[in-house]
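Same chain, two partners: chain A is paired with chain B first, then with chain C.
Our next item is the complex of A and B:
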């Protein structure tokens, strides 16, 4: 269990999901599961968010959108991939317009499996994400760069590529 | 003439859980044109027929949409059954009808919540979703899943629901009727809610017919169109019901149609449970698909179309789905012209858009 000083705000983006996972993400916010009692609020603005919940896999059209939202979020930030589509492509993996899981374009910290992912699982994923967030924050305070993982390296490459285009 | 500005709406927008992108051309506060651009959720799953055989395809088609998933599974299974000439047992037809109405119930309650959220009525949103959880509990108890059920298969259903449970379902629904009534009264009577909806986004009957609007959008404009009446799926013919029709054509009318349908679904479930016969819930299906079949089914959002064609193989040659939102987008673009910028989210919501259905 992680303890965090500040209320974590989440932003939700629907990659190419079937809606199943999205309505479960929303269900987390409603009275039955009510994550708001932990101070978790769903915001529409990436600049306010600490946790990025992505459902569904990425395709040609939305990969730029996912990247943009990720880049607009301030550090430290955590990405949670919700549902098997976001983890790996899931049932749609072999579709012609699916590039794969979210980790093909941005680094992912927590993977929540399930089709559809249950609200309990999503909440668990966010809580796990909070531990990562705290760790990243501590590292930032100490001035240590986060250990370079492979997906992050991939994101760096993409970033420079995009910079080149503009 | 006032200066024209283009305001991008979406794809990531707080009001919609799904990505849709509109370029809104505005003059002062009035929208003069709305240009939709799509493709954010396109997966290309119809082409998966080449890699998945017909029984697996039912589960893929079911995942077109997580809100009306049961209907999609049913449509796909029924289209294949039609092409193969399989007749499913009576009890399975009844159970499919009951489950479909339960999905409609959960879909409409979800939509009412989102609508309340769109005009900033947070507590109403939360209450709608709280009541919806009761329906989800029923679905989870009977099918095992909350939003994706995977209970429909070619030849019937994967599992039976015993009569005891069916009776419980009817009782539970009767129990929440009062609660739903309290919530829907707010939508119908509250002045602040009415202010946002009455007279906003009027779609005339002629336009609705010309632009081929379907489902609650068409019914809210006075078009009598409900695929359940065509009686080619389920047992709706034996349940004796009238479609809910409103004539004003504005957001308020569309909201009232859906509210009417919430209670209608509860009634239909009770009627179906009273009549359900005993018997098996599936028949064994063997062999290849030969021939083609087309089916129109009433989803919570309107008419959906399913087509299956086989060429004597386990793999279908073509599986085509046309979904309701696709047909409602022209009507949406029409109503957006000339509306206030502040009304755009509500207008988009009242067609109950399901983008993942539209783009597949």
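Our next item is the complex of A and C:
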């Protein structure tokens, strides 16, 4: 029995988004959606976090920041890309400084499409991420030392399955 | 006598984390209800801690885990002394030593956020320490002993003669429980200007241990509240437990109705309360006892 899926603590980072998705992420904390029901807490600290919510695409400047936050999080951890900008670059894709989606710098486990992603979709994405989290934890216990391989394959599936809207 | 002491020590060691954890769970549930939310399950604090034990251990410096371990041991030790009927003064000084080690642990990480948190924790200690001392002095003047085992069998409730001290103690309890408006150094809510203050650099098992010792500490502090009502009878005990529950609820209410204040306010208000309620109460005691 593992408790990781019962208490996912979230850290939220805003890449170069239009701020739309960030508002929706914060809306999840309000009494209307109340993610604390699932034990989800919004921490400001990567060292306490299990789930990394990224909104907005990655550019040359925040590339290092995204990487550093990811590296500071203790295993097991999942990355949820929120909004179409975080999935693929979205409307900012053609900009000269944009690298693309979050998966250009760190492995992403769940893609939540939408512009802006609705709070229901974000919660759904985090809950999907919990299954991945559980899997990574099981791999950790078994001593399989390559957590990056499998989730990436799972993520690809997720993308084709959900990303049809864009 | 010895047997009774050993039983209460073992009961404290085993039951305190459960009681503390459930109190923390109720705290989150009640807070959520006060904010119009559903809130997590009452067992959520246990899930959180068990999860923390499952995470990968990351330490900034090796020595910080050592300091945190000493913190945990001293917090538990202070509770053991309290529930074994030991000396109140010893209890509060052991607790002070424990806090000092947590502060050293935070400083040792060299992280600016942890250091600001540690600094604020020091200021908080300065704010609440006088009132805690005065509480002990009050008990000594009324009951004639610093030992918990003597206070608890006293013939009359110390509550009325020590009412000023009780009010002062409730005030600093807000600081000790890390509740708003005085959750300066570290908070369970999403105030993020300090990231996580004191505990920024602790993760995984270390953070879990800090959380557990926080539960031990809370139960011990509620034990202080209980002492105000203990008179050696069953009724005294029942009233004591009820007041402990009401006190905790009151702290949650305060927590939800105030924003975080600056440390200057915490410091000044705690000392003013200690001077007004504590000192006047002790002076009156001096005249009547």
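The definition used in the following text is that the second predicted complex is superposed on the first by the 140 of 166 C-alpha atoms of A that agree within 3 Å, B and C clash if a C-alpha of one lies under 4 Å from a C-alpha of the other, contacts with A are read in each partner's own complex, and residues count from 1 in each chain.
Assume contacts are C-beta pairs under 8 Å (C-beta built on N, C-alpha and C of every residue); 3 or more make two chains touch, one makes a residue touch a chain.
All figures in this text were calculated on a predicted structure; none of them were measured in a lab.
In the superposition on chain A, contact is made by A:31 with both chain B and chain C.
Of the two partner chains placed by the overlay, only chain B lies in contact with A:56; chain C stays clear of it. In the superposition on chain A, contact is made by A:76 with chain C only, not with chain B.
In the superposed pair of complexes, A:6 makes contact with chain C only, with no contact to chain B.
In the superposed model, A:48 makes contact with chain C only, not with chain B.
In the superposition on chain A, A:39 makes contact with chain C only, while chain B stays out of contact range.
Look at A:140: by the touch rule set out above, it reaches chain C but stays clear of chain B. Number of chain A residues touched is higher for B, counting chain B against chain C. In the superposition on chain A, A:23 makes contact with chain B only, not with chain C. Chain A residues 31, 43-45 lie at the interface with chain B in one structure and with chain C in the other.
Contact residues of chain A toward chain B in the complex are 12-27, 30-32, 43-46, 56-57, 59, 61-62, 65, 69, 91-92, 94-98, 115-116, 118.
Taken together, the chain B residues at the contact with chain A in this complex read 11-15, 17-19, 39-45, 47-48, 51, 59-60, 63-67, 69, 110, 113, 125-127, 129-130, 133, 136, 145-148, 354, 356. Note for the complex: chain C touches chain A at residues 28, 32, 35-41, 44, 47-48, 50-51, 54-58, 190, 192, 195-196, 199-204, 207. Residues of chain A touching chain C in their complex: 2-4, 6-7, 29, 31, 34, 36-39, 41-45, 47-48, 50, 74-76, 137, 140.
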